[in-house]
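One chain, chain A, appears in both complexes that follow, with chain B as partner in the first and chain C in the second.
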Partner chain A sequence: MRRLLSVLEFYLVGYRRTWRGSVFGSFLLPVLYVVGFGFGVGHFVDLGGRLGPVRYLDYLVPGILAATAVQVAFGESAWPVLSRFLWIRTYHAMVAAPLRIIDILGGSLLFVLLRLVLTTVVFLLVTTAFGAVHSAWALAVPVVCALLGLAIAAPVYALSAQVDTDSYFPLLGRFVIIPMGLFSGVYFPIAALPRAVRWLAYASPLWHAVDLCRAATLRGVDLPWPTVLGHLAYLGAWAGLGFWLAMRAFQRRLAI
Partner chain B sequence: MLVTAFGTGPQGRLDASVRRSGAVTRRNLAALRSAYWLVVISGLVEPFLYLFSIGIGVGKLVGTLPLPDGRQVPYAAFVAPSMLASSAMFGALSESTFNFFGKMKFMRLYDGVLATPVRPMEIAFGELLWAMARGAIYSAAFLIVMVLLGLTRPGWALAAYPATLLVGFAFGGLGMGLSTYMRSWQDFDLMGTAQLALFLFSGTFAPVSSYPFALRLLVEATPLYHAVELLRGLTTGSLHPVLLGHAAYLVVMAGVGLIVAGRRMARQLLK
Partner chain C sequence: MPDPLIHARGLVKRFGDFTAVDGIDVDVAAGESFGFLGPNGAGKSSTMRMIGCVSRPSSGTLSILGMDPHRQGPEIRARLGVCPQLDTLDPELTVAQNLVTYARYFGIRRRKARAKAAELLDFVQLSERADSKVEPLSGGMKRRLTIARALVNDPEIMLLDEPTTGLDPQARHLVWERLFRLKQQGVTLVLTTHYMDEAEQLCDRLVVMDGGRIVAEGSPRALIERHSTREVVELRFGETESDDVAGKLTGIGERVEILPDRVLLYADDGDAASDEVHGRGLNPVSVLVRRSSLEDVFLHLTGRTLVD
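Up next is the complex of A and B:
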């Protein structure tokens, strides 16, 4: 455990220098989305009244929260991981120290988790100030977002540990991450989607997390417990499978 | 007599200049590799994703929105020209800032080019042409889909097409002018944020008439607003003399950007 924490400490020391830049991507941009859509488009959605008694802003905030977790997780596990293998060789240096592979991977993912929780908590505080949070269950949102982040980060870690060029990442971003953000019920209920696309939404981890977060921040949305457990299990499965694949990929690439 | 006039007169000088700009454009074409094609195609897909998600999905929540002339249109028809203008902006800016900056500062490409008879202004013009060629393909595809989805009529789509080229030209010129001021890659993060703010607040997803007054004034000074209004006026067929004003704004922006880029490149590269 101490070895794992020393890996985490390594990333934290680095983050002390770079946290200002991350405020931009993980905080300012989502706030712009909330203001632009929640207030701008929300005005017209609320006029139409098609969401029932729920304000569009309140509907949108939990979705953007979860979508931000996906962005942060993807951003932390694509280029940074590849560069630690290929360009700055941090992982090779770590293997030469008395660290096991599990410490290297675990400490690194622990840092991603910490960033996810931090981003989500700050975002939650700001949106509470906007009056968009209506239930004490919101306290569970950082946990859900952290799990969602892990469900994205772990498989991407596994990919980044196997490739030799970064040209996969823009494609992954454009064909997987962005469509996931657009069609997983963040901006509108997926009931509006054609049946085939709806199944893609069900398959995406983001939809499960959005459903949980929305139930947690809105008043009077009751998810039955089996559904909650099902969502959590699905996210956990992605995280677990991803971790296993990442572990194997790390072992292979860092074999001495 | 004719030959000398053709070779050295103002007309001849212009022809040669255009030819040299064309050579800069053709170099980019020759340097295309297979991986880059995938990136080009993936840029084609993105505006469609937004159109289907926001235009159609959120459109079911919104219903219809008013145009400046008071006519109500379905939300998808309101948002589609915004996506068209934004994708022209993103395409032109990525080519004219990120790639242009890399070629100028890191690949040192233009040091080599300037050793030939090509002049800085001709590089700026050639690169701009390249940025527009990419945008021209994207816009054509998007307009065709708009017609197929019934979001505009074929005639209006044809009328809007040259306007999309103007939008690409304007943002390409702006981008090139800006990138001569960029110091490092970090400056591009700042630009990315600015681009996103424009994307969200240029009357793209909701009419500016619904914005608070101060924000509205600010938005009306920024370029994407004019591009969106111009294209929306054309694709929805609500013509108005104000459209000419929007077009003039874009023409001026392209011109200023190009002149600034040409001058500053001359100073930075011809030492």
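Up next is the complex of A and C:
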């Protein structure tokens, strides 16, 4: 564990230089969403009354929270990971020290988790200030978002550890990450989707997290415990499988 | 001889169908300064990676500090210092931060890591740059910083893969001078190089590698005595005379090597040999008499020059 934490410490030393910008970004983003979507688009949606008693802003916030976690996770595990293999060769330096692959990968993902929790907490604080959070269960949101982030970051780490060019990342962004954001119930209920397309939502880790986050921040949404556990297990499966793939990919790339 | 720090028998590294290291035997004793000399692709770096416990031998036996690299990799690496061929410094962190974060991988306490970093920056003459970022440093400074980083854990064996490749002459001499100091302090140095002068300056003993095999072993002096003459005459001829130079030179000295740009005449007495060249009516454009070097050993053993 000490070795794994020394890897986390490496990232934290680097983050000490950039944390202000990153936290400011985490603060600005929700403000923009709340004003633009929540108040702007929300005004029209609420006139239609299709969401019942729930304000669009309140409906949107938990979804955007989860979608932001996906963005952070993707951003931390695509280009930065490739560059630590190809250009900076950070991982090669680490593996020459008495670190094991599990220390390197574990410490790196732990840093991603910290970034996720920090971003989510700031987001929650801002949106709570705007009156968009209505339940103490919201405290569970950072945990759900961290798990979701891991479910995205771990498989992307595995990909980044296997490729020699960054040309895959824009494709992954365009054909997986963006569609996932659009069709996972972040902006509208997936019931509005044709039945066939709905399966895409069910397959997407994001939808499972959105469903959990929404139940956590809205008042009076009762998600049955089996559903909660099912969501968590699905996210955990992606995280676990991704971690296993990433371990193998790191092992091969660093040839240890 | 006490137990060697590095002990390899029949060491092989294959990548698919390609055999990078083809059954080498190596022993390195404590306090020794040992070199792998050879051209690019000779298998030096693959050998170094196996010794550094980051690449598993395809066959053969290897033991480092009496341990098995595959099963005890982290324990061994805790006692090695590695200066890789390509820089692996973090360009965004400062010079000192690079050392301290690296020391933490070895479980060195923060306070001690900071003190060690200051001490090592002094050793590699980078104290003034402690708080500047790594990115703008020159190649020579980065290399010295990498050497300092490899020393954070007071290693028993220091592995240096092409430590001065790509550096200008002045920077190379600074690096050599620091490495020589380490050698004097009793650190076991293991290095790869394709520079003759580097091998001659730093190595007590070396192996010449070619095509994954060891073709010769010994001290630089012994290798030269065994595989070359005391002196070499380098002759350059103009266009007109180059046709049958070889024939006309037969019998002078012990051996003649014809290279594309010059002719090397191996003789124990270079001046006498060059007199004889003129005596046979040949008029080289330039004549240089020098002592034999490891370059000549390599040429003799493999029929090729080291740096193409």
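Note that in this section the second predicted complex is superposed on the first by the 247 of 256 C-alpha atoms of A that agree within 3 Å, B and C clash if a C-alpha of one lies under 4 Å from a C-alpha of the other, contacts with A are read in each partner's own complex, and residues count from 1 in each chain.
By our rule, a contact is a pair of C-beta atoms (placed from the backbone, for glycine too) under 8 Å apart; a residue touches a chain by one contact, two chains touch by 3 or more.
Just so we're clear, the structure is a prediction, and the values are computed from it rather than from any experiment.
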| item | value |
| --- | --- |
| First (chain B), second (chain C), both or neither touched by A:221 | neither |
| Chain C versus chain B, contacts on chain A by residue | B |
| First (chain B), second (chain C), both or neither touched by A:14 | second |
| First, second, both or neither for A:182, with chain B first and chain C second | first |
| Partner chain(s) touched by A:245 [first = chain B, second = chain C, both, neither] | neither |
| First, second, both or neither for A:174, with chain B first and chain C second | first |
| Partner chain(s) touched by A:121 [first = chain B, second = chain C, both, neither] | neither |
| Contacts of A:44 with chain B and chain C, given as first, second, both or neither | first |
| Which of chain B and chain C A:163 touches, first, second, both or neither | neither |
| Doubly contacted chain A residues - partners chain C and chain B | none |
| Residues of chain C that touch chain A when the two form their complex | 49, 52-56, 73-75, 77-78, 80, 82, 84, 86-93, 97, 100-102, 104-107, 149 |
| Complex contacts: residues of chain B adjacent to chain A | 35, 38-39, 42-43, 45-46, 49-50, 52-54, 56-58, 60-63, 65, 75, 186, 189, 193, 196-197, 200-201, 205-206, 210-211 |
| Chain A to chain B touching residues, read off their complex | 21, 24-25, 28-29, 32-33, 35-37, 40-41, 43-45, 48, 50-51, 56, 167, 170-171, 174-175, 178-179, 182-183, 187-188, 192-193 |
| Of all residues in chain A, those that touch chain C in their complex | 2-3, 6-7, 9-10, 13-14, 17, 88-90, 92-100, 254-256 |
